[in-house]
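Right after this note come the structures.
Presented sequentially are two complexes of subunit A, the first with subunit B as partner and the second with subunit C.
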Partner chain A sequence: MSGLSRRDMLRSAGAGGALLASGAVASPLGGTRMLPPELPRDRFAAAVGELRAIVGEEWVFADEATTISYKKSFIPDLRGEHVPSGAVAPRSVDEVQAILKVANTYKLPLWPVSTGHNMGYGMATPASSGQMILDLKRMNRILEFDADLGTVLVEPGVTYQQLNDYIEENDLPFWLDVPTVGPIVSLVGNTLERGVGYTPYGDHFFMQCGMEVCLADGTLLKTGMGSVRNSNTWQAFKWGYGPYLDGIFTQSNFGVVTKLGMWLMPRPPVYKPFVVRSANLEDVAKVTDAIRPFRMNNLIPNGVLMMGALYQLAMFHRRHEIWEEDTPIPDEVLKAFAAKNGLGMWNTYFALYGTEEIIAATEPILRSAFAATGGEVLTEAEMAGNPWFEHHRTLMRGGMTLEEIGLVRWRGAGGAVAFAPVAPAKGAETFGQTALAKEIMEKWGFDYAPAYAVGGRELHHIIFLMFDKGSDEESARAEQCMEEMVTRFGEKGWCAYRSSVSTMDLVAQQYGAENRDVNARLKQALDPNHIIAPGKQGIA
Partner chain B sequence: MSGLSRRDMLRSAGAGGALLASGAVASPLGGTRMLPPELPRDRFAAAVGELRAIVGEEWVFADEATTISYKKSFIPDLRGEHVPSGAVAPRSVDEVQAILKVANTYKLPLWPVSTGHNMGYGMATPASSGQMILDLKRMNRILEFDADLGTVLVEPGVTYQQLNDYIEENDLPFWLDVPTVGPIVSLVGNTLERGVGYTPYGDHFFMQCGMEVCLADGTLLKTGMGSVRNSNTWQAFKWGYGPYLDGIFTQSNFGVVTKLGMWLMPRPPVYKPFVVRSANLEDVAKVTDAIRPFRMNNLIPNGVLMMGALYQLAMFHRRHEIWEEDTPIPDEVLKAFAAKNGLGMWNTYFALYGTEEIIAATEPILRSAFAATGGEVLTEAEMAGNPWFEHHRTLMRGGMTLEEIGLVRWRGAGGAVAFAPVAPAKGAETFGQTALAKEIMEKWGFDYAPAYAVGGRELHHIIFLMFDKGSDEESARAEQCMEEMVTRFGEKGWCAYRSSVSTMDLVAQQYGAENRDVNARLKQALDPNHIIAPGKQGIA
Partner chain C sequence: MTSRRILSCIPVLLAGAASLGGCGLAARAQDAPRPPETIYASTCGYCHGHNVGPIIRGRGLPPEAVVPIVRAGLGAMPAFKPTEITDAELAGLARWISESAADPKEHGQ
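Then we have the complex of A and B:
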């Protein structure tokens, strides 16, 4: 592992001082764990003992050998700011409640994860070192499936693959909506982070319905219709009565979500995927303006992805195949390599779902609008077998693929961090964002690997910074680049909809003092000892 | 006004004792206002003085003559439990902040309303007597309109009529989605109550994006992207970063919403309304099961209304035209009168929006499914000129109509209260709800006037209890009937999505102790003096 040599280097260079402060625990493997600040070693050990009594010896991880998977992430962490103290993996809500009780007693901070595959954002690692990972992957039951309503109630450990298998085994007429690397990702985790996907159900939080939340004091809250006796409406009606609470448990640290309801898309009779191939980087503006009205009037019902050539190529190629220099890949080189692979500088994927007749009535309207942007409108007829077309054909029907993991192999030892600023779905915005992102990425010597996920009225610009995590120099540069990205985009009003653990606080500052104040008040009301995920989205 | 004689009767009968307790203020008009409990008269007068200094003499209403409009409602209130102490009408956010400061100083409870036309649920009247109405109708600016994105930012006093006029004057290519009696209703008020309408944008809270909330301490929170400097994404992106907060300010008393963003539906090239006429009350089950898959796969994109014959007829007829007896109208009499008016026992309205070609490709699928229920599928070709078809043709394109006000004239002096339990969108549910509602309504001597609003996976059953508010006996019976409805529906898990001020607490109990506990904690965190709308949705 490159991680080892990097840590060794840090230590010998003295840069790892922070790691070896009072909380650090030396490990025979040469890595470190970090204890929670202000929790003495013997108190930590006592807490671990109590946790073992709850979940069993084998489900508490508090040494270097067993915690190593929890500290693995693709983002830079040169100063060891995101190193857990260990992990505990309950298998039931009762155990979660008991663990929270221990955490309150010892002031042990817990960082809940579902499956811990928050890929571009820090995987399972906590916002600050010393937190113990509350790993919910063993709670992986599909609790209910209503085949009339297309609703499901699942535990945090349920992956998209698992639910996909369940649907296939039972031949249920529904499709999932998956995020990137869906098979290994938790529905609950992705939805709570407000992730997005590729089908008409691409806005996952929009399609979420009802949750069970374990509060810090053990109170078990069922939102919406969940607490109504004899009700069968928990997964059917989102809003319930009185204040709608679900939202405050997303991207938050106000409770531990232990069950989540989701709506699933009915399988359509016919599905037809499209790609619009655009030759030039500056076409991004025209394509954006062409997409917007169709997302607003729902002629394009799904989450449209405008994929930049470099983001696409990085899935299946390594950088040196395209460019041997350290300098950013010149546009012309990229364009030529993309063309050889059947790709444009932008490749815009959308799909139609319905009957042959409805699709036939809709298709000409879309073709004509995209042709007017100068793009080529292509379907299976021209693109079948093209690996990128096939990749998105799979995604836009909620299929299983891990191909995007390829991105972390782009450059040296796996390193990647995502920045995802939002903007109105207007060409002037994507034009400006692309120019600014390219400028900053190239200034720091990185390749600009973009995608835009276009919702109804806004878009997420997903910028994947791929670097060599085996190189400290490159890791440091990646960190600085990301900080400049967040800061300079923020100055233009383009803030991230989500953040890696490394910039959670920086982003939170951009959302204003009143927002932080209200979040702080809610935190105090619901978790007065601040034991759940302190620092999550900048909330202490 | 019938209200006067009722109050006189109450007083002479001694039943009005509660009205004349310490807080009651005798009025030369023979009505009453109620002071807030535990706020002595001189303190109240001092508070009123300070409010006058803020908004001007003419915008504080604290005597019988000027407050009479605020206490007018259609629901029964025999014990004077929903009588305001007066009203104050600011014209700016600054004034709202100043008013809240006074309210905190004097512990003066404020009941915010936008335009106060919460028709079946108590109009402007508060959950408990003595609250002062915070009337926001003077804050009626359309602050922003983005004609590319179809988004708008409005103040609470903006009515659907006002926004409709703005759209027409500026020839903007968008449609509204209106609730019942839309022209006089506030967008903000209806959306905060999570009201529903008739177009594809029928779930108003779904289509809401960004709000400004004045907290009890004067903190001005802009949710979502609203606090990001230089951002133009406030009305484009719903979720923002960190906990999604908007939901906790709907159906709540955690703050005063002073601005609200909404998405508007692009005007389609072609619009085609349909009605399915069903002969028998028990057809409700088959029709429900026919609607559900089309709402889920979006072949029917709009909020479908299944309107019962009696609800329909009451818009344009008075009861005695159909039935002279006090006993509930027999089904056969109702059926015959409905048939004479071109109506069935259920009249199910939906619409298609798009191009001629897309509608032509979709229509046969719907026709065949609804024909299989035994219903007649009718369009403009057969129904043009029918007042009920025209009414829904207007509503399903977001047009302006006040015709539903007719309902309060059904029986004697205007009295009506709505009960709206939710259920999964399944035929067995509507069949069971209709049977239970009819049984209870008829037991108490009222006519069962139903509508079902069918969302994607759930439905709201809207039961309008129409009674003679001029009769104390009938008012008391209406109250008892409503209590039995809420209770017995609740036992089956069918709880209201919203409530009149008279049953807010009763409904809240059905949503469980944990829910109430969390709401109480949030209230304490955001409004520690409990000055904003105490009792709203059962939250002290």
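Then we have the complex of A and C:
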């Protein structure tokens, strides 16, 4: 595996270091930053001054050098359509309210992020250039931890690592459920994006309970039971009374969520992870049909991942180790390399949780069903030490890992954008989606790296388009490939559950005019100046 | 006393930080700089020396090279903002990476 040489690192550092050290860009409005399109420079500078008065000099980033971290993303952006104008980082709800007031006064668009590591979807970058990042990372308090109910109330800046450490330090009998990049991302951010994980608590929004939202006019709304006088059920009962509001603040720009309640899974006495290794690409249909009944009746309680060979290999290998040509990797080559690493063309990970007796009763039923698909059913007895098995063993118990970042460096200098269409959890659907994705990606010269996350009755097909962001030609192809995938999958009713900032509007169109109209009306009512994240999920 | 009330008085810890005290509320990262070893273990070390990113310990990388890479990201490496790793923490981290010995347990690149 070739790494970056020391010389490469020093060269890169030289460029960045010069930027960071340069006095020429140390003043507001310096350099080539994007300003909000309808905000004159002097008004922008005045807004920045007011923001500094609220959060302090050091927590407003309005020059090119200090904004650099907020510009980083893995997605293609050839035309500079996702470049922030700066960032402001409050440490309290009071400061968020004061910032929103300034934003309303100046019509300054704000793009809220919790930690800004939305990996395959644009990181912290906004839907359109010129928006100022509202970075909530400094609001990082764990406000409540109820060890009877297994509930927490946290601020947006709390990472999974932080809560994990809290649980370990206090020996609390709970597990987290993490996305694949848990250590550096936020519970609030991932849950609001309706992300998923891989324990029985894998549907994060389903496990969310109560939120505090700061509306554009500064109103603080506590959803569910949160506004009841003397309430003690804010994190225990989701639905409250009357229309259920939490959903409209997820994948949304109707407010800024400043607190979020979550349920945690009680730590089970026994945990046993499995992998089903399937030899052929077409086995995806049989495996899907084998999983579905067990997800519906909960014999398999966790979020199951069917991982394609290439998605797995790309975590720890680079492309040239497998295939030196520019053409897509032939299936037989991929299959042989996967086999050398103890992997099949599909590798399906699930786990059992409970007591020895419960697991002993369930295991034979599952073994028999998966064996009937032609797959090998394996546990740590055969797979301990295999890096991919260990990775998923960590994920299915809510452990900390960043290994999937490895996918980003598959080609050249690295780059990746995710497309995640949903489908019913049926074999014919996965078979059809795999065939279509492979056809489109190979047409544009990319390798098909798939994972299917199987919920109860649906599945998310997570397609990681890996390209070299260092090449404009490859970035352009990646962009065209992604557009074709969104469009052609959409024609079959397979739409994305979430989207990169570069395709938010395209995907929103597929959900229909009525949906867009209702969202537009809600937006107009709650944020008439459109200062919160315009363009988020296609809502202006 | 309910468990909620009991727990609300347990000092809340930041990612790998020392106990910071305070009843019911967690202290904030910028109030107490974390030692470089803690930041390395809870962020950098998940990739570097762990099959994903290049090994960076024991190579004498100059601190002035480390700082801009952390802030801007490099290739597949995410950028880390001052709200995640403060300037003071980053200065200490860069120095520590530069001076630290190679860890034989690290592997991959």
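Assume the second predicted complex is superposed on the first by the 508 of 540 C-alpha atoms of A that agree within 3 Å, B and C clash if a C-alpha of one lies under 4 Å from a C-alpha of the other, contacts with A are read in each partner's own complex, and residues count from 1 in each chain.
As a convention for this text, a contact is a pair of C-beta atoms (placed from the backbone, for glycine too) under 8 Å apart; a residue touches a chain by one contact, two chains touch by 3 or more.
Predicted model, so just to flag it, every value in this text is computed and none were measured.
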| item | value |
| --- | --- |
| Partner chain in contact with A:231 - subunit B first, subunit C second, else both or neither | first |
| Partner chain(s) touched by A:371 [first = subunit B, second = subunit C, both, neither] | neither |
| Partner chain(s) touched by A:45 [first = subunit B, second = subunit C, both, neither] | neither |
| Partner chain(s) touched by A:53 [first = subunit B, second = subunit C, both, neither] | neither |
| Contacts of A:333 with subunit B and subunit C, given as first, second, both or neither | neither |
| Contacts of A:148 with subunit B and subunit C, given as first, second, both or neither | both |
| Which of subunit B and subunit C A:165 touches, first, second, both or neither | second |
| Superposition-derived comparison: subunit B or subunit C, residues of subunit A touched | B |
| Where subunit A meets both subunit C and subunit B, residue numbers | 146, 148 |
| Residue ranges of subunit B touching subunit A (in the complex, touch as defined) | 146, 148-151, 194, 200, 205-206, 209, 215, 219-223, 225-233, 235-237, 239-252, 254, 263, 266, 268, 292-293, 296-299, 301, 354-355, 357-358, 360-362, 365, 422-426, 455-458, 490-499, 507-508, 510-515, 517-519, 521-522, 524-526, 537-539 |
| In the complex with subunit A, residue positions of subunit C that touch it | 2-4, 6-8, 10, 12-16, 24-26, 28-30, 42-43, 46-47, 50-55, 59, 61-62, 64-69, 71-84, 108-109 |
| Residues of subunit A defined as touching subunit C within the complex | 1-4, 6, 9-10, 12-17, 19-20, 58-59, 61, 66, 68-72, 74, 87, 89, 91, 115-117, 119, 123-124, 135, 137-138, 140-148, 157, 159, 161-162, 165-166, 169-170, 183-184, 315-316, 387, 400-403, 405-406, 408-409, 413-414, 470 |
